[in-house]
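Both complexes below contain subunit A, partnered by subunit B and then by subunit C.
Here is the complex of A and B:
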């Protein structure tokens, strides 16, 4: 029997902001085109979400603003606490070990897990970088957390990562403010890759960049994914980005997953009316 | 018999309930070395930021049998030291001394005495800024969470940046250390010279910040590890050839001051002397005795 290759299996994830009331179900969800209950004002950011992510796979999450895709990503990033559900993680380096439920870990362990095993790239660089530190300092943070204590070795590793992400290594000690938007995205990617994570989370990485810079960042992500067989969870509202990077895609609306499947299948033959609208608007 | 105004106050100025509360927080601080314990800092007849944290600790632990020494930057006779000593002496009636070895409690600002301290002694440090993470995380709530999770990566980046920008670890005072392998602690503005005096020391070190309402402690025989890199090690201050002009010491922490001299081309010259004045006085006395002794 072949060993299962998934590294992340999420099920029953829920996140709501507010107390909820008996009439919430009546007014919220994709059928009502609403994620906020008009009676109690509770916002249902994510409802009964689940997915499986296999090793080396890129899974796209697509949906309009406020559909819950970033909430789902932040729950996987352990930065937003889920109200209920499970996120099972199987360490790819020890596939025979039992999976662990990330949502059951205490704060100390989840911080270590986030640093060692996860990398994240945000749409806004100031969320992922400390703009008061140099570019090298930002990339060094994860290495220092992993107990790297030799400045010479740290700087050698930073230069390698900068070359890998097509950044000029001679600018290692420059201020991030002197970098362009596309370069800052690459600094974030270099930082995310520094700890050799098992899973890379990408939250609208190309939004706000002009088309030529978008193309370069996407090429870089695709190359890294291909060379390192990196597992990625990609959030975007742009179907073009999803089409280029993701093998499978889930579509979210009003906090619910309304459709999931192979990206080609979803783009060529969308089943849910919302997905059909999304595809027809994009193409 | 007439009474002085100070004798109308409770022993040690503050009331017994307040002292008990401070002692309770001291016990907690000793149980969790390096952890910042909040306490209800009381109003005192000196301004916050002038040693009220250390003063409240001393007031809470002092006993009629204690012998007290108060120093400021190593000096027994500076304005701050004299005033704090006078307040404590008048409100407790305890014996005071300038001799480190004779004191049971030493209250200090910015120095640890040169003479090694014993297990029956307590050093109380006045702390202006409590949290080493303040340099990298101004939000206290987030800094508390960072301490709770040993999340010191950003502080290490601060050290890395220090090396990158200055070519070496250039933190002069308030050098960050890890206490007992767990909490990161600010060593207060003691010079780097004094940092390793905290390591596995026999004495108890209590740190009090009145303005920031925090107490923390380094109990006896506790490990202290300064933040350092394998290729950039923690170093104490050292200036080659600098010696104390009074006692000739080269193995103490020296301070420099400008001596006005109209005969000198620059209008004067710089002179170095021991920061720990009582230790310097002792050496001067020993030197004089040695020179006078018959051969």
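Here is the complex of A and C:
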């Protein structure tokens, strides 16, 4: 037997907005093509979701707008509190230690975990960056929260990250407003990688960019994944993006995971009616 | 009695087309065969009969509807490719089972040398060493040196197919699934494919080929099934 190699094992994750009522079940979910109960207006953003993520793997999460992809990602990011469920985490640097349930951590440890072990990149730079800080200041913010203290070390680290993400290091003190959309995604990536996280969360990171810029950002992500064997959760509504990066994929609809499997199987032999629609629309 | 490397047993595959009134298509009905280590097994039959679908069920790009597909793994013992979990399938694809589709599917912007050596680097070989091996393969495949650092996306059909095959053979899997390996190749390139299959067998690779090119491949096969 080989030792288990998972880094994250999530189960029974739920997130609803609203009180719920006895009729909700009858009206919500993929079979009813609805996330919101027409009786009590409760939104079921994520229902009984679970997945396993292995060390060094990219897991894709695909689905239409409002299907619950970002909600699931934000629960892993410990930014949205799950109503119930578990997210077991195994620290790759100490593989013999017992896994911990991220959802059971106290606020202090949870915050430290987020700053130190997780990195996240959003579609909109304003969500990942503070546009009033300099480029370097944005990366420094995460490093400081991850307990880096020595200013010289921090600046060296930021330049190194800017080089890694193909940004000109001499622009470390520039205003992010002077950066293009593609460059801002690189700044977000540099910031996310700064604390050497064990898990990178990506939410529609190339949506809205010009195709050529999109391709170069994807190349960068692929290179980072390859060189650092970085574990990633990749949310996208674009099957083309998922196909380039993820070996396994989860398909979400109306808050539910309707299908999961090897990415080539999802694309070539989709089982769920919704996945068939998604695949046929992408071609 | 020795266990065959691959044992396909009563394989069925149907597709439910939810977008077309839930219509069902049943391309594979009750197919059984075995492939031994070092064997070159040929599956042939007319177009549309489900040859590619069988390969894809074995590789798990398709989910079989019923039956069993036993693969005798070096690392994990007997594995049913239909029941195995996704991570197990990925591990087997990584080290033991190779698949060469009918057409090359590669990422743009990646050089031919990197495309062909990717399986070796993934298995942990240092890039410089992989590139040395890759250059030998590209030479044997008759790919002009000026093309080695270009992306195969712009290559001719025959050149793409040779890169595609080279990438599948280079990793020396225990089982190699080949879909129409000689389609779109001229006589000289077909001969290269024949030699690649023979050499792979000598290295201990079993080859399962799907083709209608019996002229080239039938004499090479030491087992076959007509569909």
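By definition in this document, the second predicted complex is superposed on the first by the 283 of 283 C-alpha atoms of A that agree within 3 Å, B and C clash if a C-alpha of one lies under 4 Å from a C-alpha of the other, contacts with A are read in each partner's own complex, and residues count from 1 in each chain.
One rule holds in what follows: a residue touches a chain if its C-beta (ideal position, glycine included) is under 8 Å from a C-beta of that chain, and two chains touch if they have at least 3 such contacts.
As the structure is a computational prediction, the values presented were derived from the model and not from experiment.
Legend: residue contacts after superposition of the two complexes on their common chain; A:104 is shown touching neither subunit B nor subunit C.
Looking at the shared chain after the overlay, A:41 reaches neither subunit B nor subunit C.
Contacts of A:133 after superposition on the shared chain: subunit B is touched, whereas subunit C is not.
By the document's definition of touching, neither partner reaches A:196: not subunit B, not subunit C. When the two complexes are overlaid on their common chain A, residue A:247 makes contact with subunit C while staying clear of subunit B. Judged by the touch definition given at the top, the superposed model places A:149 against subunit B, while subunit C stays out of reach. Counting contacts as defined above, no subunit A residue meets subunit B in one complex and subunit C in the other.
Those residues of subunit A that touch subunit C in the complex are listed here as 52, 54, 215, 219, 222, 244, 247-248, 260-262, 264-265, 268-269, 271-273, 276-277, 280.
Residues 145, 148-151, 153-154, 156-157, 160-161, 163-165, 229-232 of subunit B are the ones touching subunit A in the complex. In the complex of the two chains, the subunit A residues touching subunit B come out as 107-108, 111, 115, 130, 133-134, 136-138, 140-142, 144-145, 149-152, 154, 173. Interface residues of subunit C facing subunit A in the complex, by the touch rule stated above, are 15-19, 56, 60-63, 86-87, 89-90, 107-109.
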